[in-house]
């Protein structure tokens, strides 16, 4: 089923050294079929850098997530690739999170397909045997925060205007249990309880204090720090490290894999409710209005709609 | 069964705007049938303030707990009530914890009824869909600490003579597994392991440091801070917040609900032991003596007996 | 089976006041049948001090672990013994961890017997009803760290050259699930995830910061501080404290007891792999070379081999 999901779209891969550089990608920005992910794999170090380049804010649309899953899977199967750095090519944002337009005004089948892809993304990265580092060079709310938390290590730019967190309740929606489990594994039960209930977004220094990110560095040093950190992680024998990682994460992963269909059904039932659709509709309208007035988006849930409207 | 427990005593409710103000309650202090709980519900904000007013130290007697459960249940069923602030009308004490006289020299049936009420109090507050804030304006040992921990947020007065903690082992008794689970969810496994074994009571700044309370403010600002904090929590859509809260707490709640009768039996077996009854008897005698000598109680387990003897 | 393990070697006990003092033990250092553990039990306080004295670095060999288990079991059965302080008689090292020579070039049967003893050591100390305090007066990597974590409280010497941690991945091996569970219970999920993957060794102040030890004091005050701390713990009624401790640790202990044979089989399968044996062989050769060149060992995994080669 997973394979099915991925193979449907396997034509749009950008993995390999021939893939688009960020500059090329930027030039192609208006081309909707352009790769949304640019992967640079350095055979000499065994490290791949994956740049998210879906303008303007790396919203996690179905297409984007599918491309991301394919790219990660290819690296995973390439035994010469030992480490993966995730970062953004877009200014000011790492990822704005799940694309709200995938959750509004669509068919139940679409919602189901979308949710399965979101699960798949989490399973692929959280369960990766590679060392995974998030180089968070911009805001990272909701699904962007989830993607960061699935990595082994998080380095964030020290710009106080950037924020990170699972802010779902602020939109009237609820983070599913495996978002919650991932956050609990990262910052503990009590911090998660408050953060999830209030939909808190943290600036970098706050995120560092609660352990939501591991390091905060000047913006122009995020990627270099990620590379240095990767070297340290790769000094450990892969086999022992990957077995240890699996031991830590398997119970959490098993919980989703054994409840996957129920979780999809739960999401579809929730998102198709009139009240939820209405809330999302009002929210999207408000954002369009704000955008028309030229207001700066402060939370990325705002910019999320920019990516799709 | 729960309903049964509550309906037996449903005549002594003080819920609603017609209920006693703290001043009136204080005047009635010597009347044993006076309400032990004063609830002020503000329809305009959707927030109820519940004042514990069982002189002198808000000991959690069977009557008191029953009245508390009824009051919480009424608010829970009133959909216009969205938030609940718990605080004390008694000087220097939030609650002295479980009333030791309910656990000494009584019948097994009485112990069972008492313990079921303690469980019920925890289930009602820990599982409440309302936002619950503890405005801890005095010491809060043992059951008082448990009651605080069942809330969503804890604000404590900065008076260094006040203390909070689960100090059961100091009396030779053992906090049950759901007290332990609640504390673990609040401050983590390791801190709980030490705190419970040593029966530690923390002053406000220590409690803040380990995360047992969320905020420490000057004594005269405890209630105002609780009100401001409530406003922040109520800015989140109720439905999403309450579902998130349930997701965080349900596993812990389920553990008690599915072991409720066994937990009661366990308590009755433990408390009826000769050695435990003897310990409690010695302890109570010592406290009466101290009281006769006019010594100031430092730990609330001490003041616990004052409320009943 | 456990009894069987222990009774085979019950002749080498050193428990009781007649046992070797550290000074005598030092004089006997070159006698391979000399007790590896010296126990001083003070009837007046109910506290036993157990000194690890297996030169040069208290490597956890099968003989050493067996003697340790017997000593702990004897104290456990002596109801007048309420507290146990574990410390080292060897300079600069608390314990260098599992003896690597027990895991290299031996038969599967030997590996199985060795691993059962390691499990037994953990079960005995982690589940002890005594108060257990580790007076960590030297480095404490791998199995040394595990032994420390099984105690109720950890006090470490402030010497920055000492380190503590589960550094198994650095040798290409993997800490088993119950090492991981013990560490998670001590420092939480996230810190454990990073520490175990990278095989991190912490200096005392780092260890204090993450909660891997509870207190750091000058080297000459480690034992005195342990004794004072013990007095505080013994002020709590034994029965209530031990029941509370069991409530906190039982789920973790049950996980191993119900998977004990599978865990042994898993260890034997892993350690007999050609690749693992080859890694350990290379590692041991490197250490011998280093030692020949007179280099100072910085990590205790290094000194581990000194103890046996």
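In order of appearance the chains are A, B and C, and numbering begins at 1 in each one.
The rule is simple: a contact is a pair of C-beta atoms (placed from the backbone, for glycine too) under 8 Å apart; a residue touches a chain by one contact, two chains touch by 3 or more.
Owing to the predicted nature of the structure, the values given are computational and were not obtained by experimental measurement.
**Q** Looking at where subunit B touches subunit C, is over half of the residue numbers used by both copies, so same, or under half, so different?
**A** different
**Q** Rounded to the nearest 5 degrees, what angle rotates subunit A onto subunit C on CA?
**A** 120
**Q** Between subunit B and subunit C, what's the gap in Å when you average each chain's C-alpha atoms?
**A** 41
**Q** Quick one: which residues in subunit C touch 2 or more of the other chains?
**A** 188 - these are the residues of subunit C that touch more than one other chain.
**Q** Under the definition above, what is the set of subunit A residues touching subunit C in their complex?
**A** Subunit A reaches subunit C through residues 152-153, 184-188, 211, 214, 232-233, 236-237, 239-241, 243-245, 247-249.
**Q** Under the stated contact criterion, what part of subunit A meets subunit B in this complex?
**A** Per the stated touch rule, the residues are 168-175, 177, 180, 188-190, 192-194, 196-199, 275, 279.
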